[in-house]
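Chain IDs A, B, C, D, E, F and G follow the sequence of writing; residue 1 opens each chain.
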Amino acid sequence: MRTVIFRTTAPYLTSLMVLFSIFVLLRGHNEPGGGFIGGLIAASAFAIYGVACGVPPVRRALVFHPMSIAGTGLFIGAISGIISLFEGVPFFTGLWVYPSIFGVELALSTPLVFDIGVYLVVLGTIASIALGLEEREKI
Amino acid sequence: MAGKPTTPVDITGAMVTEAPALADWLVVAPVIICLLGGAFLLAQRKNTKIQGWTAVAILALLVASCVGLFVHVLNNGTIVMTMGRWLPPFGISFAVDVLSAVLALIGAVVAFFCAIYAVTDIETQERRYGFFPFLVLLMAGVSGAFLTGDIFNLYVWFEVLLIASFGLLILGNDKPQLDGAVKYAFLNLVATTLFLIATAYLYGLVGTLNMADIARRVAVLPDGAPINTIAALYLLAFAMKAAAFPVFFWLPASYHTPRIVVSAVFAGLLTKVGIYAFLRTLVLLMPEANAMLSDTLIWVAIATMIVGVLGALAQNDIRRIMGYLVISGIGAMLAGAALSTDLGLMGAIMYAVHSMIVMTALYMACGLMIRTAGTHDLRKLGAIYGRDPFLAAVFLILAFAAAGLPPFSGFWPKLTLVQASLAEGQGWLAFAILISGFLTTIAVGRVWAMSFWRGGPLGTPDGETVDEKTQPMVDPWDRRGLVIPLVGLTFMVIALGFLPQPFLNVAAGSAGGLLYQETYTDAVLGAQAAPGEVAPESAASDNSNTEGPMIDGTDTKAQPSGESE
Amino acid sequence: MDAAIDGTFLAILAPFVAAALAPFVTRIAGHNGAWLLALVPAGIFVHYLGFLGQTAGGAGIASTWDWWPAMGWPLSYLLDGLSLMFALLISGIGTFIVLYAGGYMKGHPQIGRFLSFIFLFMGAMQGLVVSDNLITLFIFWELTSITSFLLIGFNHKKEKSRRAAIQALVVTGGGGLSLLAGVVMVQLVAGTSDLSTLLTQPGLLQTSPYYLPILLLFLGGAFTKSAQFPLHFWLPNAMEAPTPVSAYLHSATMVKAGVYLLMRMQPILGDTIWWSTILPIFGGVTLIVGTLLAVRQTDLKLMLAYTTVASLGLLVMLTGTSNEVAIKGAVLYLFAHSLFKGALFMVAGVIDHEAGTRDVTKLGGLRKAMPITFFAAILAALSMAGLPPFIGFIAKEELYLGIWGTSPQFLALTLTAVVGNALMLVIGFAVAFKPFLGAKTETPKPAHEGPILMLAGPVVLSICGLASVIFLSWTGQYLIGPMTSSVAGMPLEANLHLVPAAIKINLILSIITVILGLVLFARLAVLRGAMNGILNAIGWGPDRGFDQFMSGLVISAHKVTRLLQPGQMDIYMKGAFIVTAIAVLVPMIVLDELPAWPEMPQMLFYEWGVMAIAVIGLAAVLAAKNRLTAIAALGIQGFAVALLFMLFGAPDLSFTQFMVETLSVVILALVMTRLSLYQNDHRSPVKTVIDGTVAFAVGGGFFLLLLSVTQQPFNTALSDFFREHSVAIAHGRNIVNVILVDFRGVDTLGEIAVVAVAGLAILALVRFRPKKKLPPLTEADAIAAQKKEAAV
Amino acid sequence: MDDIILIVSGVVMLVGALFALVAAIGLIRLPDLYTRTHAASKAGTLGSGLMLLALAIFSQELDVVTRAIAAIVFFLLTAPISSHLLARSAYIVGYRPEPTTKCDDMADYLVDESKQPKTLD
Amino acid sequence: MEVAFAALIGIFFMVAVYLMLSPHVIRILMGVVILGNAVNLLIFSNGRLTREVPPIVPDALVVAEPTIANPLPQALVLTAIVISFSFFAFLLTLAYRAYQELGTDDTDNMRIAEPADEAAPPTGY
Amino acid sequence: MSFAETFMKVAIDISLATLMLAFLLIIVRIVRGPTLPDRILALDMLVAVGIGFIAVIGIKTGFFLYIDVAIALGLIGFLATVAFARYVLSRGATVDEAPDPEGERNIIALETQRTVEKEM
Amino acid sequence: MNSLFLINILMALVWAAVTGSFSLPNLLFGFALAALALSLIREQVGTVGYMSRAWRVVSLFLLFLYELVLSAVSVAKLVLSPKMAINPAFVAYPLKVDKDFEITLLANLITLTPGTLSVDVSPDRRTLYIHAIDVTDEDALKREIAEGFEMKIMEAFR
């Protein structure tokens, strides 16, 4: 599958898809999307990358082992729920802050952090499965 | 992204305004601890050296939080926290009564001892492929299932524990494991899917997912609403999860295949979650439908008890014997649940607690036996009495406890169940309970006589023992690591036998919590009427239900959700 | 009742403490540690002696000790004539058994464990007889079964021992469960399980509609424990145990627990037509069968064991008469039996220990070598034979008096008793005289007198059989009288006389018994031959029946299990779905929850079209000739579902469904790369019809249920809440996403845990390398390895 | 103006739908995989692209337009690649075109393939 | 609309069950996929059906119109989809590994854990 | 209702009907095959037409957010086709398709599979 | 590095377009995200130096579109013609372009032009295998490609 044509195009497709996945993640609170779909798109992106260029580049691209990414995502997800402990409100209460960067107000919130956790879990898990199956084949 | 709200919003109609007491966080602490711990172990998967003791530490923390929760519940009655601060029934409530607290506690203790056992029993490769994350996340599922007050959330926790159990089950990839896992996985998938289907219908009928809200709405359903059918579906789903007759197939097909400590965890936790869900859903939420089904359930219970123990008698593999004993015990719990009287529920709950401890310990003991004799086959086992008399004693205690003989933990639930069935005039049920105990005695007595007393494999001449030099060596340090958790659990088995009073009291409190629905619904939703429905009769009499079999301190105050002391 | 601990509770606990200490004591002091350990039962004996004065008037002392309030099960005791007599026997005989065991097990590596078990048993037995609460009694009852199991199987490497142990456990354990049911029923009927309370309410149970089941359940317990025919067989087999066990458990104490229970319940369950029919019949048959079977034996212990069975039968028969005089006879006989049978067992043990055999045909002329043993044997045998001036004689006198003329069937009972007692004499003489008299025979070991540890018991017990007659009025006043009162349930006095005031029927019957016995003793060999012939002709007995029961149980369990758990997943699946169909359809039909006839749906053409696509996809999956077609068709239905979600206002679902469905199909195809599979879904026509029916029933059931549910009004409270607060409070316009990350974020938290765990599990599946199965490392391997290393 | 938008987008949509139909007909009528791929990759891509374009025009919203264009670009990028990969795979593993197809130039395609050193990564 | 959906869901269940009764793991897996879809549609329909209007609050509003589709079942289905997808992936891999190790995809021939010729246990002591 | 609006309504209905017909034809190809690549191609087409369908529904309902679904469908459709192509390559033309008589003529010698395996 | 920066900016613009907001923070955010996305594939893009002439991409793209429409129409004609007389053929086209990017571009353009479909590039990158749906003169086809797209690509990128 690592034809010239595919190999040349795939990296750009991948980065475009990753970009799109983050877009879907970030605006999921207001329009269709969210961490799960975003994560799936990102994982699909890496799957295409892997089919075109092989597994090792994908592993290097991800830096960490995909399951570690998933573990971190789960950790972030759980942490986003506990932050409310320090505000004296029940578990998983949405907390919002509006910091201003370059004069533009950003809406940061624990639901967003949580959705990022979801994204990482899905990305890490699907990537791990795909890579695991892919590598297994060569053995 | 939505901008900063420009005008302040009045949240009183949507959110709980009082801050929860710090102690109320204990309600979610078990789940949080397990999720964070599991996530940490997952991220540190390749660091196999730290995995074991980190998991033990996490589970110790879990035990501590469950103890705290248990004490908190005993002192303050049902504790509720609704996630996200939303008013129940709109957010997901965790609602913990005595039943939830005690099962969560025992589950945590069992898992804790299993983790200690696993530190010795589980090797590097198993660690690398996630034994400890699986175990800890399994406990997230188990704790979540015990603590949540939301039916769909219960389904989610069921799935968490199920997928974690898949992971534990296949760890090793041996042929029998994969074979067993195929059956386990598909059949359990059917069971949880049935649970989800039933929940979908229930949602379609009552439009809500909060258990307390469900209870109130089910009580005022119009005629013709198919609540009994939905209840039957729940019954089937939980019977399958609990491995009741005639849908127990998955358990004997798989429980003997994984690493022994995994079997121990499963025996202690999985089926009991099914029983818990049954009690919570059918007994608490839809008592009338449950009463409709009770005759059927009694026969299911009888068949489960008898078929289970017959299965135990029919095996050569001691691990499979234990698996069938788990099933037989499920029958006993179902018997109590079917009666749904104070005594019956007490018996079921006590039996659940007892079975969690004793079956886990029995599997652990089997693990030691297998290490000592190098086989799990009843025909080849033998001569362990001489090599490890301490193990012999422990196994015997556990075996007799499993058979319901005094003075061990199995006696009190069995006694209570016999009392309950005879009090209801269910002679056949009492008979079946006693007969299953009798047959269990035979089954475990045979195992003990053959594996411990007999001088060696089947056919060893009288008076001779196998040459000990040809038997596998158990490293003394390994043995110590395996015996300590076993002793811990055996100690509990003995303690529950000798000190039954708290056991009985807690079971009474738990049973009361199931029978006195208003206590639960009022604690979660406050004493007001369900939206759009007639007010429940008991709205005014919050503190009046102490005549139930409740222990001091467990009579719950009507507690508006999220309100602190 | 007071709630404090007193000496009796300490006495109850003492044996358990001794059990814990025994291994240490014997490790330090060897077998002589028995002297020290025997102080425990001796102390208990002395403690109970102190109560004799209080119970002499027929009074009972009850006390409860809530030893750990709110934690432990409270202990309570009831001391009256009955329990006191038993307590004294248990502790008194127990003292000598401990000594005897010290001698018997001298040099045995597990002497400590043995003594430990003996003490455990002692504690259990003592607890049983002094318990006031029936549930406590039951706990101790089962504990005696457990300890008996351990003691019978003590020589665990012999299959016979193991068999006997399991047999005893099965029979007595099974009886125990019957007793438990009885106890619970008593509790339900009477509202209490305290004997001290129950005994104040005579007639309550007898008149209850549940009387017969209660009685039968209690008898189930008592008859198994006390080895009544046809459940007697476990007791002779239990002789596999070391002799101290036989002497203690299986003659003097444990087997009498059943009798104790009957005597204890006599005031509350006795004196009814059922009682006085069932008990005498079973007891009488047991008496005769026991003695006849005893005649057949040549093993000293077996001969004694069968007479024990017989004696228990006699006791049950007497208790069943509910007649005070007969009860007095029973009490006397029980007392006498414990003394002489305990002594004789110990004698048999001494002979076995010192001469190396217990076979009576191989023994003879030991009187010179073992004079003290011989002395004890004679005293005990004479008591057993019912000859004056031994307590056995007194007992026989009383029981004949009690039987004669007191019931319509008295002649049958009398005949039974006479024959039984005559045969008992035969055995007693055979055991006591055969080994000692006559010409000296060669024995496996050169016989000599046993050690003092082993002689103390037989000598003291047999002398007691005489002494109790010498102090007969004391015996009557403090032992027999109070106990008889307890059993009869009314205050009675026991005026006992060695020399009868007048020649009554009982004396005549005694004389007949002795003459008959002596005649039979002379013809013992003939009798033995005849019995052997008869039994061989019958060929089958309950003992062999036990084996058949056990193997039949295992085999039939195996068959049932194979039937229910055949090992094939499609059968499991079918079972699960058949039950599903039943669970949906039956309640819906039976409880009238079926839907009303639905209206025709109003749908747009392309909605129909998408549904049609879904159905075509499904049909294509089913009709697919090969799996690749099926997988492609699978894509169609998933695609259609996603479109449906879109058409009905669920963009997020549609989004996710497209992605997930495509990924599923892709992964399915990818994994199939590695499987070269057969193509077709071959099912036989029958299987197709069955599977199709099941599938139709399940699908139809869910269809009907969904109709029924959606015809009900819907509660939109939750959805309205989310709609109202999604933007204002949760700051999100996509309500579905707000539910996922905020309103019901915990669901999603669990969901991502599922995802992560699934990923790891898949990784484990794919990557984990199964270990090559190596045989476990053995010591021999290790030695071989060491040698190799040394060679290098 | 709105009317023009409506009509333009309606026409574009209709044309797109017709192209989709044409592609589907091609899928049915053309004789083998390779010829069918022509239909799918050209008419199919254009059809869905036009329908997205219609949506973009109809919406008159900047973000919808930009997204529609992004989507169209993506499809145009990927369509030739997927048809290339599929046709190549099919040919390599031995799915032969319909018999009248001239294959003279392919005589040493597979042979070459196997002789060539790997040029991966 | 619910009627049509109910019928469709009934057919989904029928096909799913029929496939799951096959002894071949791949067919069972297809059954699992269809079962998942059946359940998702079931949850969706139980929340009652609304045509076309997604549960998204338009920028102009703070509270969505009551005509929107019921969002709760959608959230539930999303959770269920994700979970069932995870399970599917696991089951598929499991089937693949089982096929590799056991040499069959026919569950009737998977008899390692529960051997077909298992003898009865010893009847002695 | 203006002409343009009426035109739009009719155009939408015609488009939907056209797309339904297209779906049907594609499904016929999926079911009939005869070869696996044919099916894959048809599935790819199904996705493409699905994207168009989503666009038309977006126009019909005025909910433009469906365009994101369309984009995602495009991405995943591409992945699917790539993966299937890869599957074809690694699996080779196997007897799997033999039961379809039509497919048989397309299946030639399996020696080529060796080539494939080397390439993987 | 230069080209990467350009691509990064391009992608930031794409991000802004997709999110529908060309405000500075969003552009910066898009730039950061694009940098992140690019860093993931750094290995492959490191060697690509041709994107510096980004505008040519756009012009080529328009050509691409135009050819696509023609191609679709020709397919439509073919498919809808009652007889559907076709002469399919596989053609091995000798490549003059030798850079990966150029080959890719050429192959894709060929696929989207009437009647032709790129099947594969030989591993030595000298031959492009093409499937043509209706060809009578192979040489004419080859000439057409050589003088058409291939020439234009070489003009644009050399």
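In this text, contacts are C-beta pairs under 8 Å (C-beta built on N, C-alpha and C of every residue); 3 or more make two chains touch, one makes a residue touch a chain.
Being a predicted model, the structure only gives us computed values, none of them experimental.
Participant: Quick one: which chains contact chain B and chain D both?
Facilitator: In this structure, the chains that contact chain D and also chain B are A.
Participant: Looking at the contacts, which chains touch chain A and chain B alike?
Facilitator: The shared contacts of chain A and chain B, listed by label, come to C, E.
Participant: Counting C-beta pairs in contact, does E-F beat A-F or the other way around?
Facilitator: Ranking E-F and A-F by C-beta contacts puts A-F first.
Participant: Indicate the whole-number Å distance between the mean C-alpha point of chain D and the mean C-alpha point of chain G.
Facilitator: So the centre of chain D lies 13 Å away from the centre of chain G.
Participant: Which integer distance in Å separates the CA centroid of chain C from that of chain G?
Facilitator: Spacing between the chain centres: roughly 84 Å.
Participant: Could you put a whole-Å number on the gap between the CA centroids of chain A and chain G?
Facilitator: 29
Participant: Give the residues of chain A that touch two or more other chains, as numbers and ranges in rising order.
Facilitator: Touching at least two other chains: 1, 3, 5-6, 9, 13, 16, 20, 27, 29-33, 36-37, 40-41, 44, 53, 57, 67, 70-71, 73-74, 77-78, 81, 91-92, 94, 96, 106-107, 122, 125, 129, 133, 137.
Participant: Of all residues in chain C, which are in touch with two or more distinct other chains?
Facilitator: In chain C, the residues touching two or more other chains are 159, 162, 166, 550, 554, 558, 562, 565, 567, 569, 573, 577, 627, 647, 651-652, 655-656, 659-660, 663, 667, 670-674, 677, 702, 706, 709-710, 714, 716, 718-719, 722, 724, 727-728, 731-734, 740, 742-749, 751, 753-763, 765-767, 770.
Participant: Going through chain G residue by residue, note those that touch at least 2 other chains and give them in order.
Facilitator: 14, 18-19, 107-108, 118, 120
Participant: Can you give me every chain pair that touches, using the contact definition above?
Facilitator: Touch list across chains, by label: A-B, A-C, A-D, A-E, A-F, A-G, B-C, B-E, C-E, C-F, D-F, D-G, E-F.
Participant: In the complex, go through chain G and note every residue touching chain D.
Facilitator: Per the stated touch rule, the residues are 14, 17-21, 61, 64-65, 68-69, 71-72, 75-76, 78-80, 84, 86-92, 107-109, 111-112, 114-115, 117-120, 122-124, 129, 131, 133, 135, 138.
Participant: Please name which positions on chain E make contact with chain F in the complex.
Facilitator: Against chain F, the touching part of chain E is residues 52-54, 56.
Participant: Applying the document's contact rule, which stretches of chain A touch chain F when the two form their complex?
Facilitator: Checking each residue of chain A against chain F gives 1, 6, 13, 17, 20, 24, 31-33, 37, 40-41, 44-45, 47-48, 51-52, 137-138.
Participant: Would you pull the chain B residues touching chain E in the complex into a rising list?
Facilitator: Those in contact with chain E are residues 152, 156, 159, 163, 166, 170, 173-183, 185-186, 189-190, 193, 196-197, 200-201, 203-204, 252-254, 256-257, 313-316, 378-379, 446, 449-450, 458.
Participant: Name, in rising order, each residue of chain E that touches chain B in their complex.
Facilitator: Listed in rising order, the residues of chain E that touch chain B are 20, 25, 28, 32, 35-36, 39, 42-43, 45-48, 72-73, 76, 79-80, 83, 86-87, 90-91, 94-95, 97-98, 101-102, 107, 110-114, 118-122, 124-125.
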